[in-house]
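The following block contains the structure, expressed as structure tokens.
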Amino acid sequence: MSIWEYANPVKFMQTSGRLLPWVVGATVLTLVPGLVWGFFFTPVAAEFGATVKVIYVHVPAATFAINIWVMMLVASLIWLIRRHHVSALAARAAAPIGMVMTLIALVTGALWGQPMWGTWWEWDPRLTSFLILFLFYLGYMALWEAIDTPDTAADLTGVLCLVGSVFAVLSRYAAIFWNQGLHQGATLSLDKEEHIADVYWQPLVLSIVGFGFLFVTLLLLRTRTEIRARRIKALEQRERMA
Amino acid sequence: MTLLTVENLTVSRGGLAVLEGVSFSLASGHALVLRGPNGIGKTTLLRTLAGLQPPLAGRVSMPPEGIAYAAHADGLKATLSVCENLQFWAAIHATDGVETALARMNLRALEHRAAASLSAGQKRRLGLARLLVTGRPVWVLDEPTVSLDAASVALFAEAVRAHLAEGGAALMATHIDLGLTEAAMLDLAPFKARPPEAGGHRGAFDHDFDGAFL
Amino acid sequence: MTLLTVENLTVSRGGLAVLEGVSFSLASGHALVLRGPNGIGKTTLLRTLAGLQPPLAGRVSMPPEGIAYAAHADGLKATLSVCENLQFWAAIHATDGVETALARMNLRALEHRAAASLSAGQKRRLGLARLLVTGRPVWVLDEPTVSLDAASVALFAEAVRAHLAEGGAALMATHIDLGLTEAAMLDLAPFKARPPEAGGHRGAFDHDFDGAFL
Amino acid sequence: MMPEFGKYAVTILASWGVTLVLLAGLIAATLIRGARVKRALKAQEERMKNDG
Amino acid sequence: MRALLSRDLRLAIRAGGGFGLGLAFFLIVVTLVPFGVGPQGEVLARIASGILWLGALLACLLSLDRIFALDFEDGSLDLLATAPIPMEAVVTIKALAHWITTGLPLVLAAPLFAVLLHLPAPAYLWLEISLLLGTPALSVLGTFGAALTVGLKRGGLLLSLLVLPLYVPTLIFGAELVRRGAEGLATQVPLAMLAGITAATVALVPFASAAAIRVNLR
Amino acid sequence: MRALLSRDLRLAIRAGGGFGLGLAFFLIVVTLVPFGVGPQGEVLARIASGILWLGALLACLLSLDRIFALDFEDGSLDLLATAPIPMEAVVTIKALAHWITTGLPLVLAAPLFAVLLHLPAPAYLWLEISLLLGTPALSVLGTFGAALTVGLKRGGLLLSLLVLPLYVPTLIFGAELVRRGAEGLATQVPLAMLAGITAATVALVPFASAAAIRVNLR
């Protein structure tokens, strides 16, 4: 039994339908405690003051903003190479989630910047590359919306995702070269010496896991919706033939 | 010699099969006229044969780069003159029949006019003249005589006959009389795609979908 | 009752007279078919009558806002559905014949399709249905049956007859048979504009130039 | 039992507020569209079953 | 007339998210400026109001050539010209539709973009006022340019060339209003001028546009 | 292939002065900037290189949607697709024609416009180099965007939205090269990056564009 079996829409609908309650459960069991823990039960940090609490929404959102694009890239490649409809539709379903995650990272970052750096917005490379990522999400979604024929839209957005990924990475390097930033380095490394104290780290990891499950839940729901919408289109066409 | 063979072809537009099981073959020196009511899928079939879209199923065999396609739109540049338009397509196909093409389609008098200032029928004549400079054996024409007056239709029939006599072949979709009595006729109505329930072709997405779902 | 009178009309395209001395009149309940070879000036004449360009000379009399014009281009919006397209034109003309128009041109089945996904003939049918929602007495049609199959041509003839029976009139340019045996015919060839040297019309600029100069 | 935020209350509450609102919006949009499409599909299949 | 407006809006929305795209372009221009001029906050703050106005203007400009071009190509414009609505009304409604799909969203979103460029706080209100007063003039003037170039293939650049000089007064007074407002100087003059220009433009230019369309159709 | 290039150039010239228009737009953007940001020489000098690059980029952008749209509408693109030239070549030639009509004139005229913005003297050479190296990438990427949106009515804004983020690396390195050059800093890195991006783009992106065209035609 290969993983490609799930490329069959019916098989995917069945499996995802069975999986959904569990994923929803996992989301509730990780996200809620993670956020509550982070919000209510963490101490105030020396460097950040009470604003450290922002980290529990900022960092998970930022992490997934990037990783969802990577997931879309993989899904697009699978569509372009093996032409499995589910993966194209999954990429389409993921885009708005990624867009919202990027937006959350941007907004919380901006709000956080005000007390920490004294400005809402700074052209720091990391912030800048997030803004560009946001634009890529917008363009990708707009292209999907603009094209009527589903397979054409899948092909073109797939190509865009591919080219866009390369240029997103390039922009990142360009931005770093262009302006040395203010932003925090990676503190979440597994290297014990590097990362922040456990009191912050543990709820943060829980939040990230929670966001992850939330993403999976939403992805499944949205992909199912996209599959159904695609099915409606197919049926409507069939109706015309009769 | 057979120039074009179509076997059991299913063509689709907008992801939906419109014609299925079309088979015919076209030999050098022969012309075939496709007939069928509006919306049956003539344009779709011709575009598929021209290689502009992939067929859903079935096979098309022909010599490589054998087809010259002429569609509803003529591919003319309004700001170029009649002569320049033809020269461009001749250069693209690396042939040099501009003079003969102008003469055969009676465009001599209009040679230096900008395409923008031609009437509907004159434009069409220029579009057909383009076929003559492609140097390709199989003409695939979508309603070639739209807007043409009787004299121009005769001119067109003459051009087709000359092409057939030179060993070419022609496949044409039309609703009106082309004045080509020797052409064979193929009615597309029997090939209308059936819905999947009745055994028709299913899209890739639909394929495993029916029945099992919901 | 005479709906449209044309007296001694000279029409021009690109500043150049193409037809001159055209006179005819069209009474309620009658249809007139304009004939003439490609490039004689049918489209130009019809555009002039529709008020899109001024005549060079002569007079056109008709009731204000009496003309519904349908040209080579149909004025359809690809992203709107068949129904929405018609509703728009009905709203612009403050009429409400969408339902009848759909029924008469056999567009019921396509009602909710986007215009982009229609075949050439289906688009044309929609373009003709638009005439029905204008509520105007004089139809001025440029090659109305291009791309239509036999059944649709009959449908069109039926619609014209109904329009005539309701007291309308129709003026049509065409090269092919419209199936309207009762229509009168006007051949435009005799009205072809002569060059100025032969007594034809002179442009305003030319007028004061010749004679005094050279 | 609200934790003590000091002078950063606005920053923190606004960040969390925006995040929760955006996430709630996303979830709501997902569920609403999901339900609507599901209904539409059901209607479509019903209609096609009845028609033939 | 209501039918025409609602059709145009519907077309704008159907054609791939009409409203959003003007905004997205604005956002992009605003993002690219710092890449060009460097990230220093104080430089950006100084040029912010100008750049925002320029961005609005360019976003407007980019959607202009579609105002009539599509209607011309598919023959709708011929048919509208023979319809029982005066061409002046058609032109005005086209401008209104353009403003609703481009100008209005820009007005609404401008403060957000201003954050990115470090616009000084007191300038926000004036930015809003100036855009609200100025953008209708941009749409109407743009419609005039589009009317002049309808029927020309590849009209895009020519259109910009014709329209941009017409935009100069609006741009000058608009940007000036923001700058003065931000620095607490007297704002009556630019405010009055901006309002005056817009009012006169909206009242008079449609006649010119309608004439241009009629000439182009024949 | 030569025929295609010469046809495209001829069309650009006939359609109302092709070459000139890109320049004129560039000129107008460059003149509007002082109206927007105020006339102070030192502010202008600071942002000059960035504005020149931005202007070039926008002038480029504005002519993009015509690369394929006209050929698509009149059916030429269908015919080119069935012609004995690979689509990759067609796409590359289209990009080349676009560069010759927009990019090249900008490169040649940029020093003139730089005067208007008080660009510091040592920066001129670097401005030329950066534009010469960078603009081909802009044309090729623009062709890619045009290929994605061919067939969409009202593609103009969508096209900008898709293309502008792709322009970011070129813009950053281009403007940075000028700035560093002007200040006498080391220029190897941005120079190498700019050249590398352009080379890779020109070599690889046409395949993506050709694929997009083929998908759009079917």
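A, B, C, D, E and F label the chains in the order they appear, each numbered from 1.
Just so we're on the same page, a residue touches a chain if its C-beta (ideal position, glycine included) is under 8 Å from a C-beta of that chain, and two chains touch if they have at least 3 such contacts.
Source: prediction; values computed, not measured.
For the self-contact between chain B and chain C, the two sides draw on mostly identical residue numbers; the shared fraction is above half. If you tally contacting C-beta pairs for each pair of chains, E-F comes out on top.
The geometric centre of chain D is 34 Å away from that of chain E, both derived from CA atoms. Remark: chain B and chain D have CA centroids separated by 51 Å (rounded to whole angstrom). Per-chain Cα centroids separate chain A from chain D by 16 Å. The set of chain D residues touching two or more other chains comprises 41, 45, 52. With touch defined as above, residues shared between interfaces to two or more other chains in chain B number as follows: 14, 72, 78-79, 197. Shown for chain A are the residues that touch two or more other chains, namely 132, 135, 138-139, 142-143, 146, 148, 178, 231, 238, 240, 242.
By the touch rule above, chain B contacts chain F in their complex via residues 47, 50-54, 65, 67-69, 71-80, 84, 87-89, 91-94, 130. Taken in their complex, chain F has these residues touching chain B: 2-4, 7, 10-11, 14-15, 73-76, 78-85, 217-218.
Those residues of chain A that touch chain F in the shared complex are 132, 135-136, 138-139, 142-143, 146-147, 152, 155-156, 159-160, 162-164, 167-168, 170-171, 173-175, 177-178. Note for the complex: chain C touches chain B at residues 13-14, 36-39, 41, 43, 72, 117-122, 125, 143, 146-152, 175-176.
Looking at the complex, you find that chain A touches chain B at residues 8-11, 13, 83, 85, 148-151, 230-231, 234, 237-238, 240-242.
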